[in-house]
Amino acid sequence: MAEPTIALEIFRYHPEQGEAPSFRRYEIPYREDWVVLDGINYIKDQIDGTLAYRWSCRMGVCGSCGMMINGTPRLSCAAFLREYFPNPVRVEPLAHFPVERDLVIVMDDFMHKLREVKPWLIRGQETPLSEGEYRQTPAEVDEYKQYSMCINCMLCYAACPVYGLEPRFLGPAAIALAQRYNLDSRDEGRRERQEVLNTEEGIWDCTLVGECTTACPVHVDPAGSIQRAKVTATVDWYKDVLLPWGKR
Amino acid sequence: MNPWQNTNSAADQMHEMLEHDILVIGGGAAGLRAAIAAVQTNPRLNVAIVSKVYPMRSHTVSAEGGAAAVIKSNDSLEEHINDTITGSDWLADQDVVEAFVREAPDELLQLEHWGCPWSREPDGSIAVRPFGGMTIERTWFAADKVGFHLLHTLFQTSLKFESLTRYDEWFATKLLVENGRCQGVSAIELRTGEVRLLLAKAVILCTGGAGRIYPFTTNGAIKTGDGMAMAYRAGVPLKDMEFVQYHPTGLPGTGILITEAARGEGGILVNKDGYRYLQDYGMGPPDPWPRLRAMELGPRDKISQAFVHEMRKGRTIAGPYGDVVHLDVRHLGETKIDTKIPFVRELAHRYAGIDPVHEPIPVRPVVHYMMGGVHTDINGATPIAGLYAAGESACVSINGANRLGSNSLTECLVFGARAGRHAAAFAAHHRSLDRAALAAQARDEAKRVAGLDGTDGGTERIAMLRTEMTRAMEEGTGIYRDEGSLSKACDVLRTLRDRFARIRLDDRTRSFNTELIAALELECMLDVAEAVAHSALARTESRGSHQRTDHPKRDDARFLKHTLAYSTDGAPRIDYLDVVITRWPPAERVYGR
Amino acid sequence: MGEAVSRPYRRTMPATWWLTNRAYFLFMVRELTSVFIAIYLVLLLVLISKVAAGREAYEAYLTFLGTPAVLAFHVLALAAALYHSITWFNLAPKGLVVRVRERRVPDAIIAGSNYLAWIAVSALLWWVVL
Amino acid sequence: MRHSSEPIWWSLFAAGGVVAALVAPVQIALTGIAAALGWADDAFTHARVLALVSHPISRLYLFVLISLPLFHSAHRFRFTLIDLGLKQGRGLVAVLCYGAAVAGTILAALVLIRL
């Protein structure tokens, strides 16, 4: 009896039941070493099989388990119950995205934007494999490495009010990924990506709220990537205007 | 009200058939590589990837340590072949291993050309690290998030091919075989809950492993052996299923993996007395520096087995989640830890509450990888025409009785690409489809799925069955097994199968019904688990990861053979197939010299 | 029944979103410092024009600046300007990557040098004017 | 290449932000507080201030001090309005905000030249 418990208040929405969303409260056992996701799995297995959510790796790398936990976007497999105990924990789907059901959001928009920024290596000339690897020094790897760490968890989108207000905004992760390739010494596609970045809904909608960087579980620093993209776009612009005939 | 009951509407949905030239089931490393190979082989082919999760969520993402291929001048193909065959305890097909080792460097270079951020030497060339069971450093790495970088590089590269379609969050439930040819699958579109028919001239299964049949595993929730089960039900044998790899260093409780790279970089394993116990199991000498193919850099089967012996001797450390030993990396120093294995530090800190820079990491063996899988030939072709398999779900036979760390990511690439190319050729020459018959099959499948929810008086809760299954597997088919434990596991699995027929779901709706998906996954796992237990029961010898206490010796006379498990109405039928031996006759497996 | 359903639920942001959490609120404060700075600049421009207009106009304007309301505004504006400076310097490293011998200069050093410059410039101006 | 006009406005914003961050506090303290309260009376006599301000370097400095931060403010204010939900009149908001900054810049130039 003395076993401690903790309450999870979970956002429920079901399209077929057509009702407005509501919160349901579940009392679950409290364990020191449980993450919020463990609690949710407990509910699914023992109490209510109808709860829908995404998860897989439960080690913070697949990026599928993002949720709003007490109003903050977190990976539910990296948020420990002990951070909240003994208070109840409120769990909602990631902010700013449409909700498919319960904690499952619709991520079409992000998938579309990801593709928009051409996140692949663009080369004028493909070198045959027989010539070996493209050389890249550790310092050159460092140049883009941080931006290559994005797990597409979209916590940054849920943290960014600008995205909440303007869904057309390209958003932090997509821009960070564009920068990841722009800054890769093997890549030659910066000008191509600039067509997408250097637009109002691209980098210019960002007002440097900076919450994307705070939310990012793997320290990508999307805010920084956007700032750098703005600087580059500006330098490009002045070059284009001032040296319209010159080498760009 | 039960939306599934209305079979007419299920039939109506079938009017819309989605048709492609090639369907790849699975968006992990193998699936993406296969899909890209297929479109590159023939850009006119219309290729689609069906995946139950968005591709970048595939479990390839969690691979940490690296991918093996010969690139350095001090290395040779011969050595890599030799290591792989020795590691496999001579159960790998040697022609396949040769092809694998030969094609591996180009596959990893191709990844490099697609942008993979491989770690580098100061001169800008690819850096390699040592790995267990390998004579020479040949494991390419991108710090310790190799699977993550590999998967995202492949996924992002796949976005540039216009002719690639994706069905993300579609759960394949059945292979549709007609006229002896696999011509498509039926799949549930999670968002709407519709059962849809997807037609194709060739299908490539890349659905990954099945570690979730065990309670304590490094595998993510999605690794439930679906593709293995689908192929098995369609009549394809599952090969070498008794060989289940335990990774020696998982975090207790969660089973989160501490990569072998931690040992590759110089980490040591010690028991409760701080003693490097591996030297007692024929793996010494305990040099203070990492010695290749010895001690902590021995193969995973041997190291995991040594743990069990230490535990029996009472020399392990008791912990809240069972006994552990210590993986000590403190002597590497903070700088090396942060540049070479930063993720290890992060995981240990987050999930074990310790900082490896200052404290040793508690670890214990954990189920990690299925050596077995869907039986294929060297090109990924299964015995059913038009059906291919690659990656962890397949068994092309490079891993035999024990896989060497860092061979499997490379395997996904090499054989993913091979399967993709061969499926493309097949699809170009077999254009006809038996549409009406396939539609009828898919209708039946929709009905079957609809009947699963237990509205007709089911009582069994799937979480309960799942727990009992994993317990049976752990108790009966663990690191050490014997006839008694295995027969018991077989019996329990049989009763679980009967009980599965009486499950009851809380969720009777359609949109994103994850409980229904969990039930289908459980059904797949039960099939796979049975294949594992029965194959293990029949193999009365010890080899690699399959250790029978009642038959402790390797028996080449009777068992230099692959096990083939065929699905029947009752227990699986077990058959055997000779191992292909070319230039490397079976010998004793020697490590530590 | 039986028809497939996908009817996503859309949430909207209330106009008061920036009051819903501390970080958003501080962001809004940061953005609004610009209003104080703009008003100050206008007052400064008037001051200069009064200097041009002659001693009397100038002195009358100084008296105006000394009224409590205007003084209060300037105190607030000073606080706003300080907040702007601090947030600006802290964020400055974001857009700027400086490398010395292949190694990226840590953000703290970039921000730190900004602060030093700030102190130097302020001291210089103070000394010139007073 | 398609040109967005944002780089101009953003570069003015950024430059203005730097200027404001570096000198706005001390400027406000000097003219809004020290001068207004009559600290150091001899420093703020008309003659001295006129002399100080008329120096070409001072004029240039003042021009930069007023103009660039005005663009900074205009840019931030524009986006604050959008953030507060004024999405419809985006174009008009931009014209008004930057228009004000341009007007302020011209005025400042006139005042400083005529000094």
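Note that the chains take the letters A, B, C and D in the order they are written out, and that residue 1 is the start of every chain.
What we mean here is this: a residue touches a chain if its C-beta (ideal position, glycine included) is under 8 Å from a C-beta of that chain, and two chains touch if they have at least 3 such contacts.
Values in this document were obtained by computation on a predicted structure and should not be read as measured data.
> Which chain is the middle one, judged by CA centres?
A
> Which chain pair is joined by more contacting C-beta pairs, A-B or A-D?
Here the pair linked by more C-beta pairs in contact is A-B.
> Nearest whole angstrom, what separates the Cα centre of subunit A from the Cα centre of subunit D?
That pair's centroid distance is 37 Å.
> What's the distance between the Cα centroids of subunit B and subunit D, rounded to whole Å?
63
> Can you work out the whole-Å distance between the CA centroids of subunit A and subunit C?
The separation of the two C-alpha centroids amounts to 29 Å.
> For subunit B, which residues are shared contacts with two or more other chains?
3, 191, 510-511
> What parts of subunit A, by residue number, touch at least two of the other chains?
15-16, 100, 161, 165, 207, 230
> Which residue numbers or ranges of subunit D touch two or more of the other chains?
14, 76, 79, 83, 85
> Of all residues in subunit A, which touch subunit B in the complex?
14-17, 33, 44-46, 48-50, 52-64, 78, 100-102, 104, 107, 111, 114-115, 118-121, 126-127, 129, 132-138, 140-141, 144-145, 148-152, 177, 181, 184, 186-187
> Given the complex with subunit D, which residues does subunit A contribute to the contact?
Contact set of subunit A toward subunit D: 161-162, 165-166, 191, 194-195, 198-200, 202, 204, 207, 230, 233-234, 236-238, 240.
> Within their complex, state which residues of subunit B touch subunit C.
Touching subunit C from subunit B are residues 1, 3-6, 8-10, 13, 189, 191-194, 510-511.
> Hey, which residues of subunit B end up touching subunit A in the complex?
Residues in contact with subunit A: 3, 53-54, 56-59, 61-62, 106, 109-110, 112-115, 117-126, 145, 148-149, 152, 156-157, 159-160, 168, 191, 220-222, 253-254, 256-257, 347, 350-351, 461-463, 505-507, 509-515.
> Any idea which subunit D residues touch subunit A in the complex?
1-4, 6-8, 10-11, 14, 76, 79, 82-83, 85, 87
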